[in-house]
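We just call them A, B, C, D and E in the order they show up, numbering each chain from 1.
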Amino acid sequence: MLANFNFMVIFEYLPLFLSGLKSTFLISLVTLVLALITGIIACSMRISGIKTLQYPAIAYIEIMRSTPLLIQIYFLYFGLPSLGIVVPEIQTGIIALMLNSGAYIAEILRAGIKSVDQGQIEAGLSSGLNYVQRMRFIILPQALGVTVPPLLGQAIVMVKDTALLSLISVAELTRSGQTMTSERFMPAEAFLTVAFFYMCIYFCLKYLADWSQRKLIFREVY
Amino acid sequence: MTTFYFGRLVEMFPFFLSGLWMTTKVAFISLIVCTLIGFVLGMLRANDTFFFKHLIGVYVALARGTPFVVQIFIVFFIFPEWGLQLEPFPAALLAMAIMGSAFICEIVAGGIASIPKGQWEAAASSGLTKVQQLRFVIIPQALKVILPPLVGQYVLLIKDTSVVSVIGVMDLTRVGWVTVMRIPEGLMVFALVGLLYFAISYPLILLSNYLERKMAR
Amino acid sequence: GTTLEDIVKRGELRVAVQSGAPPYAFIDKTGNPAGSMVDFTQGMADGMGVKLKIMSYDWDGLLPALLSGKADILAADMTPTLKRALKVTFTDPWIYVQACIFTKTGASYQTLEDVNKAGVKVGVLLGSTGEGIAKKYLPNATIKSYKGGGRAVVSALLSGHIDAGVNDDLAVLTVLPDYPPNSIRLLDKRLGHGKDPLAFAMRPESVNLWQWANLYFKTIRANGTYDKNIAYWMKGIEWKKDH
Amino acid sequence: MIEFKGVNKWFDKLHVLNQIELKVQKGEVLVVCGPSGSGKSTLIRCINKLEPIQQGEIVVNGMSVHDSATNLTKLRTEIGFVFQQFYLYPHMTALQNITLAPVNVKKIAKAEAEKIGREKLDRVGLAEKADAYPAQLSGGQQQRVAIARGLAMSPEIMLFDEPTSALDPEMIGEVLDVMVSLASEGITMCVVTHEMGFAKKVADRVLFMDEGKIIETGKPADFFDHPQTERAADFISKILSH
Amino acid sequence: MIEFKGVNKWFDKLHVLNQIELKVQKGEVLVVCGPSGSGKSTLIRCINKLEPIQQGEIVVNGMSVHDSATNLTKLRTEIGFVFQQFYLYPHMTALQNITLAPVNVKKIAKAEAEKIGREKLDRVGLAEKADAYPAQLSGGQQQRVAIARGLAMSPEIMLFDEPTSALDPEMIGEVLDVMVSLASEGITMCVVTHEMGFAKKVADRVLFMDEGKIIETGKPADFFDHPQTERAADFISKILSH
């Protein structure tokens, strides 16, 4: 398969790969935003201290974390229609990814909030700031700083997870590779090209994550 | 209709159990292998040697940067080009080992890095060699930091085993997929599959949470 | 040695099939592979005097399995296209199938023209003959390709993800009994000019195996084994009782 | 001004505050000392309700601290608190640290708050560091900003919990200087510290705690030279011996 | 015994050790002081090669420290090092902390090593704490265990980097007492500290550093009462003022 690796075919299919890359990118972006919102809501519920909000949030987070994404995708894909909700595959996929990533993001945010020094919260208390003010001025700005690197880490995981949407006929990067394979029977070319594009996304995000990490440490020490 | 399918699902339950057994087997063996390799790589990576640091860095980037489904294809279908012809089961284990040890390597390296430099220096000052420093002083302490995320990573790896179904390993996910082909009641089938995964993963999540709380003290 | 020599020496014929694609190949009640492809290749193995090993993959895995040498023969409902033949060698077609359009029973579509409209979503199997035909005859519709065998498209239709499906009629007819009675309807007119061939594939260098396989099909056509296979798997649904 | 009436507090089974009776007058400077773990921090943290108590009452400026009807915000704006570890907000400049509470709690206009903030910074000798982030300041400077932050609400009471014990020796002096000048201005101060020089110079009274109890209180001169109890004598000899 | 010959060291562009010339005789007790960041820690860390140097040579007991041919293990077994933060191994008991190196480096039999370990613990007044984990000990006790650990290899030289500055005031005394008794036994000691009482009592020589240079050295009495340089005078006044 490698001995006669055919670059020409890759160029022929480049437009297909690029359109796949574009949809992977867009799906990831949309999902990331939605997952952030989901995560923020789940996290607020979880740390609210109100049992009726807390328990559903915990159940949601634990279920998402302990079943494979692939199963969640299938479940929604087959499950939503049985409930009479018919949404296109791409939306089904985005919902599944959003719910899955949202659970992880909720945990990342919670860790970030816990990481803020108890002493700072006491300092805020001592000067008479109320809960909302402490959250807004002291905890969140610092927690967000701490959570940016792990959030980008989760984004890396999520981008790779979009590959699974190919299984429910969403046209994205991995699906481009599959299409090329089935039309031209060149799996090595197809999958290595797909891997290459994923690596590109990975390095961009990784660079961002490292950069934000350094930024963060820099601020602490300096 | 649903009860009709339910009956057939019950009929197929032993098939599900065999899938569960396969998933457990793949997970268990690969977790042990990943842990061993991951620890060795992590210790090398925590070292200052330029060569190891960067070599392992490249390996980790490749393993983390591409979807596992692509990796497993490469192991199963492209490695034969280089003379490594494997059956689906060992290929699944190998792919899991490559991917998993990269993640565990990062966790181990992170754990080692979290130990104050003073501990290395105290150990060095009393004349212990590098290996002795790691073995007696650093690793026992780093384990506290490593263990909770390690168990968390185990959960992720167990879930990743669902991808080995693409090379024909009859694991839980593939059993689910094959069943859906026979019983077109996806909701029920995947609820059952999800439940079985939950049964393996959730105890580990609880363990991870417990360790995290315990180690924090 | 040649592929055929290797097989004999090894004592095992390795065949890649697509799992979950009845009646061609699928996993039966007992968890064992079954289907028309399995029976044909069992006959081949018997003819060679070796054991048969069925390896089942998703669609994506089939070709890599063949090219990487994991399998000797790729036996699936695969159409020999000219592009594909650049990479692999196909046997003579062993059957011709015809693509059809199917929809939910209650749907209003009656003719090809009803389906060939903007906004109509048509499901096909990734890489199948149906995919090519649908693109050619239904240029105005939105084509969505699925993986995982004929049922994937029927399931998508029933759960409302698509409005119609295109697949070979055999594959559609054989899965219908698994769904609620009368929920699916085939449009009367078949697509395509002639019937579309299906063929087994081999690596290009397996020349002797390729000739052997063609000879095998000639032989079983002559002695009636072929017709029995087709009658049992393709013409009726009796096999469902046994599997 | 500050009054403890039969206050008891437990951490689980640990009796950290044992039947505390104490009055601190307006303008008084009280130094609290005692061995590690004796409950000094807990004592002063109760004054602005950073800790709950299980028995007794604490009254500050007529407000019963642990009464849920008390306006906690009002109470806390009347009390400034300075921590051992400074606890400046690392993502805000010195000036922002100081103006945060005046603007958001007292609802003072931002410009006005900044003017006050700069005055307070000037007061602790750091006028030129208004725009520096905590990480750009030395320990002594950070602690002085923390004091300025405590002063920004013009509190009547300032509480200090070992304000110099996380500092390098050369920086201790600059922080103590600021505190000495505060004492001379008539602010009520409760200071947990082992700096005997400071205690001798400005304290009106020294309070010695051990195992959650107030063992001894007295004027600094009396206390250091003629401790009444053996435990205090032992403690004083330890911290003065080296 | 310890000799610095024209030693220079940089951290990137920061010149932390600037042309250091220094001889410490066998049995001498040297106290190093100076402002924060002046290079005191770096100076003594170079002695057992915890830091590399870029120029010059350090010779300890005839071994050239930074020569790669030198047997580092042998060098380090002849030198005990005590850190400001103790750095006890938290997962080992006091005795295990002490016996780790004798057993694994000197290959002394475990029973024998434990006997020696208990002697050293007794030496620092902690005979009964052999089986306690660091977390169960007070700061002062931890530091004394750290000293015992340093002594376990029977080194000829002991280096101390601010051994008391992370301690509560009451505990400083107990650690200094141990160090005083060590000094009287003739062990060569280099001690970075700001404890002037200790320096006056046992130091043979005080060395004052600033910005990587040795500014002044002298007998403690001379140094504290009549510093030669303005910088030293300024520094002394700061640490003695409060």
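We take it that a contact is a pair of C-beta atoms (placed from the backbone, for glycine too) under 8 Å apart; a residue touches a chain by one contact, two chains touch by 3 or more.
Remember, predicted model here, so these are calculated numbers, not experimental data.
Contacts with chain B and chain D are shared by A, E. Centroid distances built from C-alpha atoms place C farthest away from chain D.
Per-pair counts of C-beta contacts peak for the chains A-B.
Taking the CA centroid of chain E as reference, the farthest chain centroid is that of C. Between the CA-based centres of chain D and chain E the separation comes to 35 Å, rounded to the whole angstrom.
Separation between the centroids of chain B and chain E, computed from CA atoms only, is 46 Å.
Each chain gets one centre point, the mean of its Cα atoms, and the points for chain C and chain D are 82 Å apart.
Contact of a single residue of chain B with at least two other chains is seen at positions 73, 77-78, 81, 177, 180, 186. Not a single residue position of chain D touches two or more of the other chains.
For chain C, the set of residues that touch two or more other chains comprises 60, 64, 67-68, 148, 155, 158-159.
Here the chains touching each other pair up as A-B, A-C, A-D, B-C, B-E, D-E.
Chain contact summary for the complex, chain D toward chain E: residues 35-36, 165, 168-170, 172-173, 176, 194-195, 197-198, 235, 238-239, 241-242. If you check the complex, the residues on chain B that touch chain E are 116, 118-119, 121-129, 132, 136-137, 140-141. Those residues of chain D that touch chain A in the shared complex are 48, 50, 72-74, 76-77, 79-81, 83, 85, 87-91, 100-101, 104-105, 133, 135-136, 146, 149-150, 152-153. Chain B meets chain A in the complex at residues 61-62, 64-71, 73-74, 77-78, 81, 155, 159-160, 162-163, 173, 176-177, 180, 185-187, 189-191, 193-194, 197-198, 201-202, 205.
On the chain A side of its complex with chain D, the touching residues are 117, 119-120, 122-123, 125-130, 133, 137-138, 141-142, 145, 219-222.
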